[in-house]
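Have a look at the structure below, then the notes.
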Amino acid sequence: MQDRMIARAKELLENGTVDRVMGWKKGEFIYDVTPAVFYTADELEKDFVMNAFTAANVSKYLIAETKKPGRILAFLKPCDSYSFRQLMNEHRVDRDNVYIVGIPSWGKADMEKIRALGITGITDITEKDGDLLVTTVMRETHAVKKYDVYLEKCKNCKSKRIVVYDELLDGENGEDVPNNRFDEVAKIEAMPPDERFAFWRGELSRCIRCNACRNVCPACSCEKCVFDNPKSGVENKAPADDFEENLFHIIRAYHVAGRCTDCGECSRVCPQHIPLHLLNRKFIKDMNELYGDYQAGETEQVRHPVTNYRDDDAEPGIVYTRGGSGR
Amino acid sequence: MQVRNEPWKPLIVAFCCNWCSYAGADLAGTNRLNYPADVKIIRVPCSCRVNPLFILRAFQRGADGVIVCGCHPGDCHYTSGNYYARRRMTLLFSMLDYLGIEKGRTRVEWVSAAEGQKFAETMNSFVETIVSLGENKRLEDLRCKTE
Amino acid sequence: MQRIGVFVCWCGSNIAGTVDVKKVAQTLGREPGVVFSADYQYMCSQSGQDLIKDSIKQYKLTGAVICSCSPRMHENTFRKAAAAAGLNPYMVEIANIREQVSWIHKDMAAGTEKAIILGRAAIAKVHLNAPLIAGESPVTKRALVIGGGIAGIQTALDIADAGFPVDIVEKSPTIGGKMAQLDKTFPTLDCAACILTPKMVEAAQHENVRILAYSEVAEVKGFVGNFTVKIRRKARYVKEDVCTGCGLCTEKCPQKKAPDEFNLGLSNRRAIYIPFAQAVPKVATIDPDYCMMLKTGKCGVCSKVCGVKAIDYTQKDEFIEENYGAIVAATGFEPIGLDKFDEFAYSLSPDVVTSLEYERLMNAAGPTGGTLLRPSDLKHPHTIVFVQCVGSRCDEKSEKGVPYCSKVCCMYTAKHAMLTREKYPDTEVYVFYIDVRTPGKNFDEFYRRAVEQYDVHYIKGMVGKVVPENGKLKVQASDLLENRQLHIDADMVVLAAAIEPDKSARPLATMLTASMDTNDFFTEAHPKLRPVESPTAGVFLAGMCQGPKDIPETVSQASACAAKVIGLLNKDRLVGNPCVAHSDELMCNGCSQCANVCPYGAITYADKEFRMPDRTTAVRRVAQVNPAVCQGCGACTVTCPSGAMDLFGFSNNQIMAEVDAICK
Amino acid sequence: MEQQNMREEILFTANADPKKCMKCGKCSGACPNYDKMEYHPHQFVSMVQEGNVEPLLESESLYLCLTCMVCVERCPRNVQPARFIEAVRLAKIRQQGENRLKPQDVPELIDEDTPQQLLVSAFRKYTK
Amino acid sequence: MEFLYYPGCTLKNKAKDLDLYARKSAEALGVTLTEVPEWQCCGGVYPLGRDEIATKLSSVRTLMAARDAGCDLVTVCAACHNVVKQINHDMACDEYVRTRVNNYLAPDVPYDGSVNVLHLLEVLRDRVGFDAIREKVVSPLTGRKLGAYYGCLLLRPSSVLAFDDPENPTVIEDLLKALGAEPVYYAERNECCGGYAGIADPEVPEKRAAAVLSNAKARGAEALVTACPLCYYNLKKHAAGTGVGVVYFTELLAGALGVK
């Protein structure tokens, strides 16, 4: 696929449709992949990469890129397209300044999980019949089941559908995928409150406030974040105490509620492996249950459940009374 | 950590919308309906002015309970403010519950300007709930305590 | 750093009785930024205000905290005092230590402690206050009166006389309301029609009054001075501007079985009708539920006989949109339904009637031509029993009646009893009462005349059962003073049904964002000091829709209401509330979330050029608030993820400072 | 003092609030057995409220209430007068030797068609 | 349609007709009535005093039997209906009564008033439906002018019984219409017949019955239709010479359905 993408990008550069390309760039190691902008065919040939580790959601970069002169080519995976669509709804990206080629995504791998299988010194990974062939410096080749090493966000993929594009690389669009992404939330909901508290204290107290989750999140794209703003009253740039989430993570999840497309980047980038997506999914699950199913970024709908209402909405007390064990 | 000498008294912050609930609180006063002094009211124009940040901030600074009062649904002075507040608070309360914070530390009540009695009763019952839950330890950021 | 003055009011002993005001003043005087503190007996008095003014000048105060009664009471008083001393009025904050402290807490120590905390919160807020200057908005010099009864007519006439155009929207085909159905009025016994119809005609002929009868308010947008109202003009199937009101169609229409609303169903009318002879506008209306032409397409008699070709079977409801500066609700009342009170046999016997039906039976223009005949056999009744308080003064949880006193029943029943005895001296009249309530000029004298001159039997007690049998109504009742049960064979029973607000009031209140009490009466802005205004600016109240009242009270309220409307319309510009939202363009993402929740459409977006750190410029979409349209609810501030949107007077920082001060 | 205790006991048994009464007299206007009774439904309410229960305890009226509940049904203020009559009656018949109906009296009070319902209810109402 | 059926003592003795025709009609209408095993007398009148606990126990036992059977409980006798329904309401709404009764009976599962108590008339109206009954009528009561007599026990207190409009009930009238008769509406139909005072003062029922009968007759009723054995007894006793008959609603129903 990498070659087809490079070929198509070169065509589009050449015929003047775009003047630069948003993609992923090779690093020192095969799994060391970063989003990057390419200006020439040479650069593309040299550094453009598409492999099992190009998981990064590039939609957020387009906020700044589409404000620049000229037109940029963006390759969007299904989950990236939801984020991009949501940013369009929020008037954050200029659709005219981007040419979107939708690319399929059959799931991205988590390096940590591969390492956990005891495989180190990886030099190459190729796909074969749904499995991954991992080659190491020792010239060994390991066959790994894709599913076993999927990123969390890919394991619980909600959709293979690209919701906004100018063309599709494969000419065909994917479909929504049945998933169990709320199971884990339900599991926590079912815990007794003390256990829930202990669970979250355990998870969140590891936070080192590196801000990776915030910086990667397409919804966290404020001109100035309240946590960086001395006037907001909640400015705080370092972990406040053991139970860091006292403010930061709850507020962050709340600020993106209704806008979060569940792209899963926050958990992917967290160096402390805090399952941050479970906070966002809790809001999504609640909104679905209380206000009807809603998927941010799926349509042009600009009013999401938090900026909408019905006069017969449930009262807040429902939180304390609705069913479920452990409640 | 500060050693407390006094017996614990609950600290309760009540956000009241200016048009209905604050007036309801006034009426409770006019009718001399008692409720505990632990309740401290902050006046906001509408329940939709209550940012979840304020509630988290209150807890962080040691509040034991936070109650948000607004006009009855359908009677908002601004037509729809309390409807937004209702969704926001529902989601916030649900999240706090999810994090294992004790149920009942937060509440929303609709109190009209005519419901002085209801205001007093609501505050009495809320204080009772908070007393039964005891001190808010889970959300309090101890470093924020001065003195 | 602000220079803050703290002023602690005793409110006589109201506050000083349970709060150690000296201690409050001293403690708050030591707060950072406080340069002066004092306590005084009545801070709202002239000398109290002078103390505030003098201190502002003497200590060069930049902010003031008044620890006193509720801000809903005297915030304006103190703001004005501050302004008079040259301090921006929005640099004043109130700590409510009366309604929230002294009046509800009995313990001096706890009360004092709470008062200090509330004072601290106010000080913390003032530290972050900034001077605010109110914006201005223009006033549409036209009023809308909803309801064309005596309340609406009087309000409209008074406003029109002051030179402002007024529209009356009335849901029925004619104005006149309930008063048009009445026979005589207490306590003077002058004929209702004789005093009402000249006013109806005056309204019709007044150059500043436009009557939109057979119409309903469909939608209200905007705010004080600038309302936009959509009005549904229901199809009459008769061209209002063509019909001459000759009435020929109403004589020729073959459908004679439509119940006559004006006579409360005691008689029938045609499918095309003019409600009554003095109707305004005097135009025929087709009742689509009964018109054969509209129902089956066969008939067309009215169209054939109409000389001016006014009939139009194809008419549809139309909508018109108008701008108004002020809106008056005058939606009136209805008697409650009596189907839950069948112990009085209302459904079993036509001779059991409501008082309003009795008005029609007494009325010269009524179904019996003014001769009192009972409906069942059109015979003259010789014994009439009046029952007071049917459905009034019920238990609050009652599903049958209302908890309030309907106020007018005692007087109209005395009137009915007296008129009956005067016209028909051979009639025995009994009135069963719980209390006779006659507060009003010449009211008790009137009631006494019924008893003393007209020999009406007033019996303290209640009717427990009415049994129609053999042409009589067997009334079983208690006589509490004689401690006996009475059994009266009556010919008619008249029930003083409780009154309740008109059903149209509730949806209207929602459209107007005006509040209502649990009984669906409109709430006044202040029960004593602002009785004709609703809490929603620019919306005023007249007549029964605000609470039970008689005609003189209704008319006085209508004129008072008109005075308030005139006062508003006289202004060229309205000074707005400066506590409005504003967006910090540097932080705004332009994401439109705030506009999605704004109930007033006060937020728009503009592309603005910003200089970037790398010296390039970028164009970004940012939110802008129209301060004349914004009402300051703050919904946008919470929706804004970046905190760019904030509210003057209730900013994020101010509220957070209050939280911190309370949670210290 | 004893009257006061008796009043409290009656109020407890009645489980109703006489202060809600607005003294309209509708209960007594509706009562189907008013003429037989010395004290009437509204008087039960007011006399219990005032603690004047002695005359009620000694009155035949206690046994003449038909328990038809019409006073309860038609009271605009939900005072439930019948509950006060019942409560006073219970206060009386619960006293020693105050049973109103003796089994040996029964045969002469009934005929062959008298339904069981009348007998069991009479025992329930008149005896302890 | 299956219900647990509580006949009560009078229906097993002096009011056998009321019971017999109720069963026959029910069967004809496809309603199965299973008698409560080992039922006890309800006591004939609802004990109004809040601290009357012992007198409420027998009804609670009946109610618990219905709960355990998972069935709605049907009564036919107006008195039983009144007593059992009110006690059920106490068990649901009055903490004081509920606690004490449960303490006394100490059942495995405490009772909380969860059973639905229905009068057969309610079953006919709300479950079977008058239209369905009309279809099953084989000998309609055409031309008969009949007055419903509700008395007090079916209707009051309406806040608890919620049987029909207490001042303007229609269920029996509607049933009569379905059976082909012409109902006569008269005001005394929801007034007391005085029956309970029969022991204390026989003059009372005599006077009350006369008032009811005269009002019904004046309105043209040939007979009165009742659901209460005591009303039946009392009205019948004093109807002699008035020309007005008295009949149980079940007997009329059975007759019209052709199962009498």
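As written, the chain order gives the labels A, B, C, D and E, with residue 1 at the start of each chain.
What we mean here is this: a contact is a pair of C-beta atoms (placed from the backbone, for glycine too) under 8 Å apart; a residue touches a chain by one contact, two chains touch by 3 or more.
Keep in mind the model is a prediction, meaning the values are calculated, not measured.
Trainee: Give me the set of chains touching subunit B intersected with the set touching subunit E.
Mentor: Under the touch definition, subunit B and subunit E have C as mutual neighbours.
Trainee: Of all chains present, which has the mean Cα position farthest from that of subunit D?
Mentor: A
Trainee: By the contact definition above, name the pair with the higher C-beta contact count: D-E or C-E.
Mentor: Comparing D-E with C-E, the pair joined by more C-beta contacts is D-E.
Trainee: Please report how many Å separate the Cα centroid of subunit B from that of subunit D, as a whole number.
Mentor: For subunit B versus subunit D, the centre distance works out to 49 Å.
Trainee: Counting only Cα atoms for the centres, state how far subunit A is from subunit B in Å.
Mentor: So the centre of subunit A lies 36 Å away from the centre of subunit B.
Trainee: Distance between subunit B and subunit C based on Cα centroids, please, to the nearest Å.
Mentor: The separation of the two C-alpha centroids amounts to 31 Å.
Trainee: For subunit B, which residues are shared contacts with two or more other chains?
Mentor: 52-53, 57, 74, 80, 84, 88
Trainee: Mind pulling the residue numbers of subunit A that touch at least two other chains?
Mentor: 226, 233, 306-308
Trainee: Would you mind listing the residues of subunit E that make contact with two or more other chains?
Mentor: Residue numbers touching two or more other chains: 167, 191.
Trainee: So, with touch as defined above, which chain pairs make the list?
Mentor: Applying the touch criterion to every chain pair yields A-B, A-C, B-C, C-D, C-E, D-E.
Trainee: Which of the residues in subunit A come into contact with subunit C in the complex?
Mentor: Counting only subunit A, the residues touching subunit C are 67, 89-92, 219, 221-226, 229, 231-233, 255-256, 259, 302-303, 306-308.
Trainee: Which residues of subunit B touch subunit A in the complex?
Mentor: Residue list for subunit B touching subunit A: 52-53, 56-57, 60, 73-74, 80, 83-84, 86-104, 106-108, 138-139, 141-143.
Trainee: Residues of subunit D touching subunit C in their complex?
Mentor: These residues of subunit D touch subunit C: 20, 22-31, 34-35, 40, 42, 70, 74, 76-78.
Trainee: Taking the complex as given, what residues does subunit C use to touch subunit D?
Mentor: 343, 389, 393-395, 397-398, 400-401, 432, 434, 460-465, 476-480, 483, 485
Trainee: What residues on subunit E touch subunit C, complex-wise?
Mentor: My answer: residues 165, 167-168, 185-188, 191, 211, 214-215, 218-219.
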